[in-house]
């Protein structure tokens, strides 16, 4: 296990006036735990506001968690005696952001943007620039034409390649891709995705692939984690998730994917109820307000992850043995 | 490795341009800005080379020659209330007036940027401490603050410079803080943090370059205000002291002469007006040139 | 909503304290020791002692500040060195004159500014627009004290139709709403109104032009909204910002009045400041600055609060 996340929590308080109203708390990431094996791609999906971007930033320590710990290669990030310092962690884990333009300093030529990371960690400028140009070639941008360009002179797809090169400059083992292809046109997206797969093989990387596009996630991932309102709804091998879905939310997401296949008709009831309010969530299962199968047990007890079938964890009472739910065991 | 060639690598026809080069080329094509820039350069050069250009001694007074009209032989623009040649005093006056119009803004730019960038980058309590202090001074109308500080300190060039610098630090600091906060929240700064860089490195490499531009533009828009304010202080007797040639002071001493020789009395103000308008239009032109490129 | 108002009012207290601290500190900026700065030259030994106790010069500075604030709250701003009268009575007389001047300057400035700005915005891009912009730029670049002098030259020296200075015939210090007095206010008010007019015109022009080309307006016109309807929309959307700018300009008038009042010998607070500077009359200077600054602060708060009523987007919880 190259990456282990244990009981990660991050709450934000929404400030209110000091007359009357209490401060609400946004449970952005609420006690999530998962593991990622070396060399695999974990896809993370969920609607906007489910906490996946916050989780990514927590892993990168761009935000400080309120509780919980992250272990990289078995060592606790930020932990004393035997733990891993932040500087070390930054060398081993990198991130590619969604907005390709905002991710690059418009004042720097792109080779300088890529070389910045290594230079921070002590690599000499000439060596760093050389590495930068090598990486540009690797991601398909010919150095002699692109190295001295500025970000506003590149297209979206080219910029994202630069961002990938920048992430790889520190020779990390884990790369978090936060909606890295979401802003690209479809044809460009396909090229960048294939580039990512090639790089993964060549450099032996581990990916955390965050996206809201279920097709892309299926294409890229070995395992998939579904998040809802700061908690994990379901996590398991990709084909398991897509074919033997356990959680009603995942099923609703999948059924909402448009398809021309007449054999795949929508047989599940659509999502009911209102979109969730991440501030001060009610007790019990987070999803029950929109779930067609919610019952009283869902209101009282928040379903912890249970062992579903074959390494596939589902946070739903219908999949938990002896939960008291009338449809327990009828997970299909 | 499979083919990783980007088939859509459309190379733009032009080679990579430096940012400032494009700003400069845009500026040189703006006729209005160029015209007023030339006028400004003219006035500057005249002020700097005053001893070489001016026809006579700015301090040479002659009671007999008081308030001669414009066009008097030997005194192209007439004489002032003490018989001194107006043309000479106007040219020499440029030195002090321009100094007092520019120096406070330059100083305020340095100090204000430092305060604002620090506040914007560090955030939290440091930000609150700095910005609330700045806000207190910002709560005064600028003329009032300048008059208050100068009034307390007394007349004199240095006192006036101090007073004006204090007046212009708050607006610049506010702009600096605002811009820095915006830039700091952009992804490339996050990416720099994610690379493990420390605060000084991030500020140096990523923040300063992106932040000084807007602050600079804003500061240039303050120059004309500062010129008018500086001359205004001299007009009130709080800046330069007689017999130094300075446009605001000259307006003051010539005021009583408007019934006898109104045209001469109005001349120094004309100069202030001219310089002020030049700076305004130039600042507008620079702002436009820098905007389009972004 | 109410919470916001209360919060905004509460904010006034620390800022007022800080502003008064700055005013208080002025005394220490002046060369020489603070006592001599507030003492008339021919003061008797008794007076010196009394002042020492009143101002607390032997006590630590925070105590002095506290005493000063306490006295100020009771209306006691010290004694003017030049006239020997209490500062607050000097201010009281002067402020009404400045208000008269400001009233006229505001009326001209706001009306003209709004009209010019709206017209320029409606005819965005045409010669009308360019003319208004040129006027606005000129207005902001011109030194208003010089403009005052020029107006005096034109209207009082070259073509003597209006008086050059003062507030009434024979150096009168009492205002009355008759032509005898109004003819004295025309030139100073015109001078003072130039900058507000320019800034308001510029702001309103940008606002109107922006609103007119926003999509929702185009959509409304496509649906058949009349010109009058469009105009009302423009007004509603431009009003908050326009009001804010006007409020700030009103505050500017208080500060800017000093120069204009000096040129025209208009017996207002600006002129008072001039006297204070000329005579090195620190109590008068301090008191007047404090009064004007506090007025400005309260005015800003008022404008802020009014804005929340006019612009629903600013309603903060």
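For this structure, a couple of remarks:
All chains are identified by letter, namely A, B and C, in their written order; residue positions are counted from 1 within each chain.
Note that in this section a contact is a pair of C-beta atoms (placed from the backbone, for glycine too) under 8 Å apart; a residue touches a chain by one contact, two chains touch by 3 or more.
Source: prediction; values computed, not measured.
Summarising the inter-chain layout, the chain whose CA centre lies farthest from the centre of chain A is C.
Pairwise, the chains sharing the most contacting C-beta pairs are B-C.
In this view the innermost chain, defined by its CA centroid being closest to the centroid of all protein CA atoms, is B. Chain A and chain B have centres, each the mean of its CA atoms, that are 50 Å apart. Taking each chain's centre as the average of its CA atoms, chain A and chain C sit 56 Å apart. Chain B and chain C have CA centres that are 24 Å apart.
Shared interface positions of chain C, defined as residues touching 2 or more other chains, are absent. Every residue of chain A that touches chain B in the complex is listed here, in rising order: 60, 62, 86-87, 90-91, 94-95, 97-99, 102-109, 113, 116-117, 120-121, 138-142, 145, 148-150, 153, 155, 157-158, 161, 163, 166, 170, 187-188, 191, 194-195, 198, 202.
For chain B in complex with chain A, the residues that touch the partner chain are 1-2, 4-12, 16-17, 19, 186-188, 190-198, 201, 205-206, 209-210, 294.
Within the complex formed with chain C, the residues of chain B that make contact are 135-137, 139-144, 147-154, 224, 228, 231-232, 235-238, 251, 255, 258-259, 262, 265-266, 268-270, 272-273, 276-277, 280-281, 284.
Remark: chain C residues 15, 18-19, 21-23, 26-27, 29-31, 137-138, 140-147, 149-150, 152-153, 157-158, 164, 251-252, 254-256, 258-259, 262-263, 273-274, 276-278, 280, 282, 285, 289, 292-293, 296-297, 300 touch chain B in the complex.
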